[in-house]
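Both complexes below contain chain A, partnered by chain B and then by chain C.
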Partner chain A sequence: MGEASLGFLNANQAAAEGAITAGLKFFAGYPITPASDLFEYLAKKLPKYGGVVVQSEDEIAAINAIIGASWAGAKAMTATSGPGFSLMAESIGFAAMTETPIVIIQNMRAGPSTGVATATGQGEVMQSRWVSHGHYGIVVLTPFSSQEAYDLTIKAFNIAERLRVPVVVLMDYVLVHTRERVVLKKPPEVEVLERKKPTKPPGEYRPYEPDPEDLVPPMANYGEGYAVLVESMAHDERGYYAPVDDVYERLVKRLVDKIEVNRHMVVESATYHTDDAEVLFVAFGSVARSVMSVVKEARMEGKKYGLFRPISLWPMDEKGLRKAAENAEQVIVVEMNYGQLVREVERIVRDKPVHLVPLLKLDLPTPEEIVEAARRWL
Partner chain B sequence: MAVIRNIHPLDRFLRPERLPHMWCPGCGIGIALSAFLRAVNELEEEGRIDSRKIVFVTGIGCTARASGYVRFDAAHTPHGRAIPYAMGVKLANPDLIPVVFSGDGDIVGIGGNHFIHAARRNMDMLVIMVNNMIYALTGGQVAPTTPEKIYTTTTPWGNPERPFNAVTLAWIAGANYVARWSVTHPELLKNSIKKALLMEGFRFIEVLSICPEVYGRHIGFRSPVELYTHLRKVVKIRGKIRPLETEYDWERGITLGEFVVRDEPGFVRRLMEVVKGGKA
Partner chain C sequence: MERLEIMIAGRGGQGILLAGYLLGLTLIKHGYYVVQSESYSAETRGGDSRSELIVLKEQGEADYMRVRRADIAVFMYGEQLRKYSDKVRNDALVIVDSTFIKPEELREGWRSILIPFSRIAEEQAGTIRVANIVMLGALARITGLYTLDELKETIQRNVKPGWIELNLRAAELGYKVAEEHGA
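The block that comes next holds the complex of A and B.
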């Protein structure tokens, strides 16, 4: 234990390894490109770690099965792509409402609808935040390499378990088809967190009564004698349906605020030559790799370009973005959709011109294509 | 003056502080629930079950509100999703005993696909479907179990659809245990639940219930007693007949009984076997 090993993995395999390191014990999924590889990888491997992998009849079953499994005490995960993610929508809200730790790997492909199953896309920037009806909190992390797929899947479990929230790891078609070197760190080199256990005896314990510091309620598992009620309706701290103004308001606010209060656990970003950047690019996921090349080449020509890459997409590192944009004359958002992330960037960076470079392409754009598409701002 | 509390033996399985419940006077759901609680109580007294292992899972509907009144580990899941939720519970901790208790719309309507596949897999759980033949909570729309020609708010000219006979459906899909009872015969229901609770694999018990407030009132029954008395006439207990011979017809009759008792290995056992076999 504690030793790191090396792997040559794509992001699907790396995320699966991350999940195993984090202590995954239950996976349910439904085949879909480009997430099936991850499922198949786990199907072979997880039983050796005492975990269960099952193929459900659809994605709705998968998401509900992992929620049930989580309450039965297992670290639980599913993996899908856009069409399956849409099917899971209602029950992602169920997980948020009942404060159930789960991890969802979402490998974006080109949408809308069935779209192009074998091409990449970034159409779910907004959907990943607002996938289910009502107002609630959710965390979305976006790796841009196999290494980050590994690291961020572990982080996703840590956040899910500690904050009792659903966490989405938003990857894309390109990442899951790119094999690269990954350092597979094991505890104690990497931190693996567990859910908080009740400190009160059954009878006194309330499954939705938060600790005042972090707003997160300790979680009793099924079978431990607490008679916990996992309630999808608006509920008080006992889990009892309470259609009452103040109870409702307190609950919804806390579902959102607990992520704000624990922002330090979640928020993460990377910057590349941003200190003196006059042109600041913003991009995430595989596209950020091409943008990085753009910046690198520009720097060799003496042009002051920089890149801000959100790693946590929801919530985003707003301070980090503002800081990166400090010296910039303009901010250019490059994304593989028709303008989603740009809305957030505009909201955060208010005093600079923010431009959108939408790339509705099926393959990862080359650095040249990005420069070409952004030419009128450069 | 000292208050003398009447402690009912089943109170330990309930959350009395949540009473009064939301069910209408004369509703059949309470009879079905009490049959379940009595079954658990008796099994526990006989030392054959540990009630702390039960996970009581419901979907959405009048019936599904039961999860809020019982003192078990429980879940009130989205509409139709009780079965996959229960599957996750069981596979994550096979010591637990998932019981799905929900309405007919929830289980064979919106959740129909989950039902079929859980039965096919012989997934280890007991499913109790309270069939009031209508979507009650939402005010009386047609259900996949509504008999032909019956008035509902979404079939105001009479129901043109053919209803599911859930017994044949569960049997053909592969359930280990299939029975249909009625709130008119709670003792038989209780005994059936006792038996099914101790089995492995997928066990399905349908309970014909009465919804006097919506189903009954909309088709002219003026009181719960009238509807109850009518249901007593509709149901026919038959011993030793096969699922295909059962009837589900408001006019000709609805067959009650125990139709399938198999002891094929449940999913958990099958999974353990293949994983131990270790081909991968």
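The block that comes next holds the complex of A and C.
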């Protein structure tokens, strides 16, 4: 370890490499375009690192398998696309409620339903946050290059393990079909975090008793001598079902607040020429690369355009967005759906007009197509 | 060099995708940031096959991921030349396999280089299957983006063992023929 190497990888391969670097030991999945080649890549490679790759009978089994593996102490992950993600909905809530560290790679393709399996899209901005019923905390990270697929998958594991939450890495069809140079940094050049272990003896340990400062309970795995209850019903600190107001309120608030309290390790964004931007674009994923070209070319013509790119989508860097929009006369949200991210941007930037440029296209929009679609505001 | 766009196109079976992959690997070893995408039709032989590379000095400048107007275009077959000419700059460097493409098919304004990659591969390396590597050898000489040795290292590390020797020879042939063409 320690030596960084160079890869020429698509985002699937880069995410797989990131997972290996983060210490992935168990992967379960069900084949789906465009996530299957991540699966194949890991099937070849992970066993060499002492890990296990399982093809399950469907996506529901895959996510439940990784939840079980996580409780057995393994860093665990699955990868899928929209249809599979929908099937995983119930168990993602189960992972949130039982505070099970898991990572889910979700490669967006054109929906709804089976949609167009071989085309790109960004239809899961809202679904990735609210995929399961009830109110809970979840983290969603969105790479826009193979390098970020590598880096953010490592970050996803760090957050999942340290905060005991499900973390989604939301990529798209274009990213996973484009190869790019990736610097594969290894520890200590890159930070790899482990879950917190109990400091109390087994007799005193309570599996859902949080540390007061970060609101995260230390996690005892199966087989380590602790009494561990994995309870998806409303439970108290011991893990006992407790259908009473104060316990329920305390639990749900903590499931959400633990992400807020630890925002510093989650929230991330990038800006491109935003300092004096009069027109601020907001975009994420592969389409943000096209918007970068729009901004770059406008700047050559003296037009003051800028780009704010959320890297953590949930939660978003709200302060960063407001700062980027400070000098803007208008904010233009470019997304490959019919208006989802725009609702968050409207909520965060309240004092400027926020416009939506919805691009319901099946391939990566060109910079020209974006300019054309946004023309009425430019 | 700010952003260099390269397009390699031909028909399925000509090794276009492998050529694009090996070219990308070689350019990365040389220190460039490379973005590569590919498109192909469902047929494994005879359909369209296209590899696009964006070559940059720094990752920070990696914007739009596809070719808009290629600065360098390689056409290994006439049908794809006709189909994708509009994605090539008017003053582009255009390298074509003259085994399959006639000089009159080339646009005025292009800096065109015609080399019979497929014929050379067949006659001098013994199989048309390495025409793509003959082309990469020539491209090293013509563009100066990477050296023949860097290409040979990529071949050694990434080509199936039984094919290494043949491909190394093909790369050398391509480099030499480009030299003879005055490149």
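Everything below uses one rule, namely that the second predicted complex is superposed on the first by the 378 of 378 C-alpha atoms of A that agree within 3 Å, B and C clash if a C-alpha of one lies under 4 Å from a C-alpha of the other, contacts with A are read in each partner's own complex, and residues count from 1 in each chain.
Keep in mind that, in the parts below, contacts are C-beta pairs under 8 Å (C-beta built on N, C-alpha and C of every residue); 3 or more make two chains touch, one makes a residue touch a chain.
On a predicted model such as this, the values are computed, not experimentally measured, just so you know.
> Should chain B and chain C be called a clash or a fit once both complexes are overlaid on chain A?
fit
> Determine, under the contact definition given at the top, whether A:L364 touches first (chain B), second (chain C), both, or neither.
In the superposition, A:L364 touches chain C alone.
> Using the touch definition from the top, say if A:I20 reaches chain B (first), chain C (second), both or neither.
In the superposition, A:I20 contacts neither chain B nor chain C.
> So in the superposed three-chain picture, is A:V230 touching just chain B, just chain C, both, or none of them (first/second/both/neither)?
A:V230: touches chain B, not chain C.
> Looking at the overlay, does A:S145 come into contact with chain B only (first), chain C only (second), both, or neither?
The second partner, chain C, only.
> Could you let me know whether more residues of chain A are touched by chain B or by chain C?
Chain A has more residues touched by B than by the other partner.
> Which partner does A:G68 reach: the first (chain B), the second (chain C), both, or neither?
So A:G68 only meets chain B here.
> Working from the superposed arrangement, determine the closest approach of chain B to chain C, counting only CA atoms, in whole Å.
Superposed on chain A, the two chains' closest C-alpha atoms are separated by 15 Å.
> Determine where on chain A the residues touched by chain B overlap those touched by chain C, and list them.
none
> Show which residues of chain A lie in contact with chain C when the two form their complex.
6, 8, 145, 147, 174, 177-181, 286, 289-290, 292-293, 296, 364, 366-367
> So in the complex, the part of chain B that touches chain A is made up of which residues?
Its residues touching chain A are 15, 18, 52-53, 55, 57, 60, 67-68, 71-78, 81, 83-93, 95-96, 98, 113-114, 116-117, 271, 275, 280.
> State the interface residues of chain A toward chain B in the complex, per the touch definition above.
25-26, 28, 43-44, 47, 52, 54, 56-58, 60-62, 64-74, 76, 90-91, 94, 98, 221-223, 225-233, 240-241
> Inside the complex, what are the residues of chain C that reach chain A?
Those in contact with chain A are residues 21, 24-25, 28-29, 32-38, 59, 62-66, 68.
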